[in-house]
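Read through the structures below before going on.
Each of the next two complexes has chain A plus one other chain: chain B in the first, chain C in the second.
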Partner chain A sequence: MRAFRNPDVLWREEDESKAQAYEELEKGEDVEAIGTSVLFSDGVMLSLNLIATEIWKLCDGRDVNEIIADLTGRFEVDPDVLSKDATTFLSELKQKGFIYYED
Partner chain B sequence: MKTNNFLKAPLTINWAVTNRCNFKCRHCYSRTDPTQELDSGTLFACIEKVISAGVLSVNFGGGEPLLRNELLEISAFSADRGLRVSMNSNGYLIDRKRALDLKAAGFSKVGISLDSHVPEVHDNFRGIRGSHKKAISALTHLAGAGIKTSISTVICKINHQSIEELTEFAGRHGVHQLNFHNFKCSGLGYSNKDELDLSSQEWKEFYIKAMKTKQEVKGLEISLDDPIIASLGMKTETDSFVKGSVCGKLSLNIKSNGDITPCGFIPIVIGNIVSDELKQIWDKSPVLERMRNKKPTGKCSSCKSYEDCLGGCSARALALTGDFNNPDPHCWVHEP
Partner chain C sequence: MNLRELTWPLRMYWDLSGTFPDPGLCLKICSELVEIKILFLYLRVGSPAANGCCNDILGRLKGGNTRVSVTVSDLAILSSVLGQVDRTSLKLLLAEASSLHDVWSLIELAGREGKEESPFGISFEITQENFHEVPDVVSYCAENGIRDLVFPIQRLETGKSVFCVSRTDREEISRGLEGLDYSKLRLTIHDPFLWKIFFPDADYHEGGCQAANSMIYISPLYKVWPCPAMPVELGDLYETCLKDIILSEGKKRLRSVLLNSPGECAACDSSEKCLGGCRGRAYAMTGSLTVSDPACR
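Right after this comes the complex of A and B.
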């Protein structure tokens, strides 16, 4: 199933935080706690870290496997861990109505 | 994968495009605000400014925003440049044609103020006969035009025991969201607070009932924006993102003359959108810095809910104690 961002969701990347995250990543630091984007819709808000933001941005009609393949090519992450985390994250986005799926 | 972080700019601007109003509400926060209005050219330049800073949405208010002649042009200008546009109105001037015009001008959501499900109570409180009927009519026309609607109710003596009735009313009129706003004691709300404001115990009882209703009701989002509900184990809609008041953390307020304040209920001017850069104010304002880093004082010092409520509503603390860092006077938690 292909994932799409709900166009009603407002979002933006936080440039300074994103730059900081990449800087830390270069040093081999853990960047999980650094928010690089914010999403909100009807009072529900989410702050996403670097990987989560990239997953969100890839919800443009790709399926989960394509999203994971894209990320594993760009980030040094364990594919199994990423697959599990991404699936959980996408489920949450779906549950909140931030994304929808089409066949 | 979720984190908390600090934003580069407000997500939302609450923008008073006029301070003129056709109503005489007994709790109005803005009757003493400046009457000067930015001309459209200046306003457009200021809207460009907030877009450049990264703001995503703008909520027009006032006064009654529909009394601003160029409101449709202002909305269209904003929406065409990517801002999500909404408005708070008393609904009196919204007929079918106006609703369609608002839709065409890019309004995605309009909140209608409604203080009671009982027409006479609402009309008396708003100072205009027939205003309740007009508000209902506005909700119908807006929905018909494809605009999401919400009802905004400021909780006070006239309605705090009408949660079920207000909820049923909102559901019956097909609104998307019912906002129960806390009473701020600003402007006329301060002058009339003895008559209108609730006691701490009444606030506690209201929130317990409101939260129960929120959990039970289907198909209607009930919003409670008061951080003091943390002591009841409850959370505001934005709790996972920011604690305490959202003013100066997620949003800012701009008055009709361009003055910027942390929120509409805090009369501390921290800049002016015509002459100042929004990002500079957002990043450097000592007032915002202090609001974002409140320190527990008085009974807050030993309160286990402080880390979630951060002293409650900053506007109310400022209005009633003179310092927004003080404990929210509405808070029912006693000192140990």
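Right after this comes the complex of A and C.
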């Protein structure tokens, strides 16, 4: 199943927050709580952290395994934890109508 | 995640003036709007003389990431916009109505356009005179191919009378809505208490006052306000650029005030999510930013 961003969702990366998150990451700090992008649809605003933003950006027709493989190569995270978190996050996005799947 | 407070707003409300059209300034504002990545621009065209600026803005933003909606104030402007504006850069066109009769007229005009679905939506500002018409407006729009119905943010001014839908009024509207099917209507409701009538089981999605955070407003005189309903001047675009106004200490101070619920809300279970309701309305009615929305009472 390939994941696609819903084109009705408007979104942007927050440059200052993103720079801050990468800076903290370099220092080995936890960046989970730093929002680096906002998604907006039908009055609902979502704030995503660095990893979630990267997952969102990869929803361009890739399947879940391809998304996870891409992130594992770029971030120092346990693949099993990442796989579980990414799957849960994608389910939430699907439930909110922010992404859709196609075969 | 901690992106509750944004550096740059997501939504900009901009009322264009026919009396003071300034194409040069409008395009300068547009450039900044693109730079700070505004996602939604809500233009309001109050007179035919402002149409030129509206077209310039739409042309400048065409093909970009900013989604634009235009609200026009009367039939003459609507006809003009329908005929002239490059619609490809326009996400939504709304016509203002202040009575059920206005809605009828607009729907008749939409019918003459010969489309099954109206090429424009309705923006219905609720006042003391028309609040009891809300259920009929909803019903009539739903039955006549209107897809978008907006109850817009009030443009409030300090010292002028402010209408808010009281608890009793809301109960009347609620009774009128019983049994109506408006599921196909795309409703936009900015008043948190009015919103609750239509969506009683859901939390108000804004999560507290968004003035000067996710939203910003440019008045017809090019003054920047936190929100159309909050008449607090953050800056003048003739003197200061938009980015500097948004990054100003005055704006930061205002946000720090709005992030705290008014003291009188302390005992309320909803205060964490509501943060005092529409703080602009409270300010316009009382002159204080630290009191709760009078519509709550």
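Operating definition for what follows: the second predicted complex is superposed on the first by the 103 of 103 C-alpha atoms of A that agree within 3 Å, B and C clash if a C-alpha of one lies under 4 Å from a C-alpha of the other, contacts with A are read in each partner's own complex, and residues count from 1 in each chain.
Following the convention adopted for this analysis, contacts are C-beta pairs under 8 Å (C-beta built on N, C-alpha and C of every residue); 3 or more make two chains touch, one makes a residue touch a chain.
Keep in mind the model is a prediction, meaning the values are calculated, not measured.
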| item | value |
| --- | --- |
| Partner chain in contact with A:Ile51 - chain B first, chain C second, else both or neither | first |
| Touched partner set for A:Ile34, first chain B, second chain C, both or neither | both |
| Greater residue coverage of chain A in the superposed arrangement, chain B or chain C | B |
| Touching partner for A:Asn6 - first (chain B), second (chain C), both, neither | neither |
| Residues of chain A at both interfaces, chain B in one complex, chain C in the other | 10-12, 14, 16-17, 32-36, 38, 40, 43-45, 47-49, 52 |
| Chain C residues touching chain A - in the complex, by the definition given at the top | 1-4, 6-8, 10, 37, 39-40, 65, 67, 188, 205-207, 214 |
| Of chain A, residues touching chain B in the complex | 10-12, 14-17, 32-36, 38, 40, 42-49, 51-52, 55, 85, 89 |
| Of chain B, residues touching chain A in the complex | 1-8, 11, 54, 56-57, 84, 176-177, 221, 223, 237-238, 240-241, 250 |
| Touching residues (chain side chain A, partner chain C) in the complex | 10-12, 14, 16-17, 32-38, 40, 43-45, 47-49, 52 |
